[in-house]
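Shared between the two complexes below is chain A, which pairs with chain B and chain C, respectively.
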Partner chain A sequence: MKKIEAIIQPHKLEDVKKALTGIGIDGMTISEVRGHGRQKGHKEVYRGMEYQVDLLPKVKVELVVPDTRFEEAVQTILLSARTGKIGDGKIFVSDVREAIRIRNEDRGEGAL
Partner chain B sequence: MTRIRLWQAFLMACFVPALLCAQSIPPATNARIAAVESAVKSAQSAGDNAWMLMSAALVLMMTGPGLALFYGGLVRRKNVLSTMMHSYVLMAVITVLWAVVGYSLAFGAGTPFLGDLRYLFLQNVGAAPNPDYAATIPQQTFMVYQLMFAIITPALISGAYAERIKFSAMLLFTVLWALVVYFPMAHMVWGKGGFLNAALGGRIPCLDFAGGTVVHITSGVSALICALYLGKRRGYPTEPMKPHSLTFSFVGACLLWVGWFGFNAGSALAASPLATSAFVATHFGAAAAALGWLLAEWIHNGKPSMLGGISGAVAGLVAITPASGFVKPFPAMLIGFAAGLLCFFMVTAVKRRFGYDDTLDAFGVHGIGGTLGAILTGVFATNQVNDSFKDASGKTMALGWVDGNPGQVLNQLGGVAISWVLAIVASLVILKICDVTIGLRPSAEHEREGLDISMHGEEGYNFET
Partner chain C sequence: MTESAIPRGTAQFQLLERCVFVDQEVLRAFAEVQPAVTVVAVGGYGRRELFPCSDVDLLLLVDSFAEAAAGKDAISRFQQQLWDAGLRVSQSVRTVEECCEIHEGNLELTISLLDHRYLAGDERRHRALQERFPKFITRERNGIIRHLCQMTHTRHAHYGSTIYHLEPNVKEHPGGLRDLHVLHWLSLLGVSSTDAHDDARLKDAREFLYPVRIALHRNSARDNNLLSFEAQETLSEDPASWMREYYRNAREVFRTVSHALYKAESAESGLLAQFRERRARLSNSEFTVSRERVLLREPGLFESDSSAAMRLLQFVARHHVRLARDTEKRLGSALSRFQAQHSQSGSAWRAWMDLLKLPGSASAFRALHEAGLLTSLIPEWARIDALVTRDFYHRYTVDEHTLVALESLEALGAANGNTLERRFAELLHDAHNAALLRLALLLHDIGKGGGTGEHARQSVEIATNMLGRLNAPAADQETVLFLIERHLDLSSVMNTRDLEDPATARFIAAQMGTVERLVLLTLLTYADISAVNPQAMTPWRLERLWRLYSVGHYEFTKELESDRIHSGAADPETAQFLEGLPVRYARTHPPERIQSHVALAREAAASGAVARILKENGFFRAEIASRDRPFLLASLSGTLAGFGMNISRAEAFSNGRGICLDTFVFSDPHRSLELNPSETDRLADMLRYAALGTLDAEQLLRSRPKPSRRHGAEVEHSVRFNNDASENATLIEIVAQDRPGLLHDLAQAISSAGLNIEVVLVNTEGHKALDVFYVTRERHKLDAAAGSALEQILRSASG
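And then the complex of A and B:
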């Protein structure tokens, strides 16, 4: 099993969700996060007080998929989240040792 | 036949009243004339009273929710309730103080500097008008209208100490400040025989229609003293202290703008053409000031901000306050525009240069805007707008420089100087008293935690509920 953490532009969330559902991946967890990579922030001025805002709002999509479906899932996210501009975000992938469904204690890929 | 009768009727109609007039008026007619006069008087009184009660409500609305939202939105979220509370609690505290002694100290005849105790506990303040102040409305209406000014003035100061004062210290400071600064200043400018009262025999006739000196200079200058005495907020200016809700501030500023019609047009103390003129001057001044600030910001920062727009309008409303009952619409716009530019310069360049932490710019907007407005009132005041000032022979007096009375600018400077000195000296003494008795600032942990939790035990935003 692989965990995919995709940090994307907030306005692309609907596209990504639709695309993943389209290939039959239903389980995911979404959180609103702030961060920055190479994208520069912006300047805000309140009555002469200047603030450089570096941490920009992003959405983090987390999903765990069986190894067989991992490439397909990553490709789907890449295509649906891309605008081609700086700030589109990143995808991190890691191995997952175990998955357990709380309701009936199913384990492994069957729990996904 | 018919023709002759018509002629007779016509002649009768013409001559009978003339014949009646030639005789002495019967007592029944006299009584009816008296009844008509009394009905006219009570109709005028009803009209004036309706407007003045409405105005009183508008001025209260400026404090809550107007100022509470305006200031509450500008602080960080952990201090939103405490900042709103600074305004709100004064709606209660000052009201009680006003009933006990405040109204009497401000509007009792007394000395040139302070009223006497004739209205202590509101005795002798009832339905009968007080002709010295407002001859057509119950004195009780006048009393409650003036109370609303006494509430908002110390609330304005809270902009300077927001986010870093103990609630108990804030209460003690405000009560002492009302007693030592506001009541005497209101008496000097508006009270009968007051030292600066232009209408009722003052030594220096300072023109202050709705409170440029009494309200804005006293509160704005005291705000600066508070900011300096208390010192900066912990973390200022290195930690980010962005306004947490400019949408709150926007709604608050718009309520201030509307409420200000009660503040300025209501200061005519009657539903008169003068009230209309003050209403118009107020609105035009605010509009020009909003544009002035936006323009300065656009040129200086490259972007005109919403916060700049509403700050400008408030600055203009402050500056037009003393002038509102004396100036025409175009001078009003000039005063507003100048205030927009000058206050922008104060809260950006000057504040940064000197490094004081006037949290919400109570000094930059009210102190400076009020001072500018008070001085420009001496320039633009004209008897074409307000002809209520008569000399000994009953002739309408020249008011400002535009009327050919440049000396009025000096009178205005006299009023400005007295209000600045009183505000500085009294605020320093009061702050010292609060400091040595109960202490002014919360502990470092309390300030970091936010005053909402540390002073009031509650939070403005509970997302988990």
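And then the complex of A and C:
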């Protein structure tokens, strides 16, 4: 099993969700986050003056998928989240040792 | 209550049946074991309202504890029998003396004894109880009532003092069965607070809530009172409209119990009561406030003058008080009558605006809603009354959401700390049409009752009718309808568009048309999201919404120089005035203000210069129209500084005919304008002379004492030049520590360098001055050498 963490542009969330649901992946956790990579914030103009905004609002999508579906899921996120501009975000992948469903203690891929 | 009085098949009959069954079980166990006690049913069981899985509350009366100890085995066996029969028994063993004492921390015992009923055993003890308990209650009545009220308030507060829970507990939550019990107990304690009308509504509520609790108990086979989503679906095929019934009933119960608590506590004296009484000083010639509730001084007031009903609402909005029972009763018909009589003349509309201008108007709508009277003011409100939005995000019904949205806007006014919320608060403070914003907010979801999914469109239709009925001016109608129609637009842009894409900024500007509309819709969106549930407006969303506002605002105001108005205004005088002003001017000033500027420019053309000073929102605004001339801005700002005024914002524009319009927003730290009424006229005269060039502002400034340097956080100074921001002017941005006369010194330095100031935007935040100048030399941008020379001059001038 792999855990995919994708940090994406907020306005791309609907597209990513739709695309993932389209390939049959419904389970995901979504959180509102802030951060910056190389995009490094932006200048904001308020009442004639500029302000530096350091941390930009982003959305984090987290999902855990069976190894067999992992490439497909990553490709789907890449295609649906990309605008080609700086700030599109990043995807992080890690191995997951175990998954356990709290209700009935199902384990492994069956618990996903 | 007898068996024959209750119709078969009703919920109450089922409770009675259960009670009869339990009575038989108790008697059978008693006959078998023969414990030396008197068995008395108390609490719900005592008043023959026993729900399927509720505890069976028994009082076992004994003569003494020695006797109880001796008969302990028999009591245990009696209890065991009942448990074996499947009853959850909760019993207490007491003497009659104990029943007639106050038990600190166990008021429940005394309360449960209010409903007692003899079941079995030595009747002598029960007779003693019957004789002594009422005397005890009479003696301790006030203390018991006070405790009961406190317990009820604490329980309400524990559940957020709101009936609006997506999955309510039908017993404990505000408006639930426990509140019906409180009403029952208060009436047993001699506080009668309901009339025939209330009793009828409470009967309806009982008939709704009882079967629900019975079904919850039966379906889960335990004392479960939580009306979960699942349970709602089990109990009804159309859970949304069924829950609407639930909320309506709960609201009636909650409202009635609130009034009853108020009445019960009225008798109480003490510190709290004294504090509340102090609010009586709020009273005026028409209304008087007693214990946070408004009463009419003259009961017939509304009959002789129906417009007093609207004044009452303003009074409520100003002082955040609630309506007294008697006031509620008289208000409804007065409101309907007032609107019917005064709509044609436009005075109904003016009364509406007077109410909506008040930041606290939400509390007037809240008070009306609590009394069930909002439909007298807005008949269309019935569509969304207790209407349920059934999803996991919306905590509130549509009517409650609307009121919470208005309250969120009000709370914004008091925002501090979080800098982003402060900025929204500033937007609201500066908003020209906050009254129309509040009206739009009140009506934004009113089309939701239609059930078609296109609610914004329907809300517009309903609002159009209402505004027409009130004879609202066309421009106001247009603003309100615009806000209602677009109330989802900014949320949608926020979630689906890339805010960094210039196309998004252009899109927002094109959709909104003017800065004023962008501001109002931003604030409406803020309130709308905040009222979805208490956690909906996350800092993250707040930031997104602000970003959206600022990119839109920047788009509106960025073409300071390059885009000049070439007006096609219908009225030739307005067209002449607007011709050649920056596009920014039209986008940032509402039509009424533009019209007043046209008049100002007319006078200036005749007399050379004209100045006026207006007081608004705790600040002063000086507007000066005159022929443009070198050093104009320096003279005007120097004059204001010379009078000791503190300039917080300023802008200067000139049109194609060489008329310059300078606006300064300033505060009067020494209160000289307030304390000397003639001083305002003198300052206006001086500004006029300064504009004409006949007053030496330098002279005036020199006569002022030099301010001492402030200690504390120093602002980092900066002077920046930008030759790309505009097509034909150089942009200079200056950040400096604010001080009296700063603007004058900067303007003086720029003019002394032979430059022309085209546009000025000045702002201050705390001790930081943010000044933006667009300057030209002989109608062209500055070259690099001139730029760096000026930079040196400005650095020393701003220091």
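One rule holds for everything that comes next: the second predicted complex is superposed on the first by the 104 of 112 C-alpha atoms of A that agree within 3 Å, B and C clash if a C-alpha of one lies under 4 Å from a C-alpha of the other, contacts with A are read in each partner's own complex, and residues count from 1 in each chain.
We take it that a residue touches a chain if its C-beta (ideal position, glycine included) is under 8 Å from a C-beta of that chain, and two chains touch if they have at least 3 such contacts.
All values derive from a computational prediction rather than experimental measurement.
**Student:** For A:L13, select first, second, both or neither according to whether it touches chain B, chain C, the two together, or no partner.
**Tutor:** Second partner only, chain C.
**Student:** More residues of chain A are touched by which chain, chain B or chain C?
**Tutor:** C
**Student:** In the overlay, answer first, second, both or neither for which of chain B and chain C A:R34 touches.
**Tutor:** Touch partner of A:R34: chain C, not chain B.
**Student:** Of the partners chain B and chain C, which touch A:R97 in the superposed model: first, second, both, neither?
**Tutor:** It touches nothing on chain B or chain C.
**Student:** Name the residues of chain A shared by its contacts with chain B and its contacts with chain C.
**Tutor:** 44-49
**Student:** Which of the residues in chain A come into contact with chain C in the complex?
**Tutor:** Chain A residues touching chain C: 9-11, 13-14, 32-34, 42, 44-50, 53, 57, 83, 85, 87.
**Student:** Within their complex, state which residues of chain A touch chain B.
**Tutor:** Per the stated touch rule, the residues are 44-49, 51.
**Student:** Please give the residue numbers of chain C that touch chain A in the complex, ascending.
**Tutor:** For chain C paired with chain A, touching residues are 423, 494-500, 538, 540-541, 543-544, 547, 550, 553-554, 733, 735, 761-763, 770, 772.
**Student:** Report the residues of chain B in contact with chain A in the complex, numbered from low to high.
**Tutor:** Listed in rising order, the residues are 237, 240-243, 301, 303, 305, 307-308, 311, 347-349, 351-352, 361.
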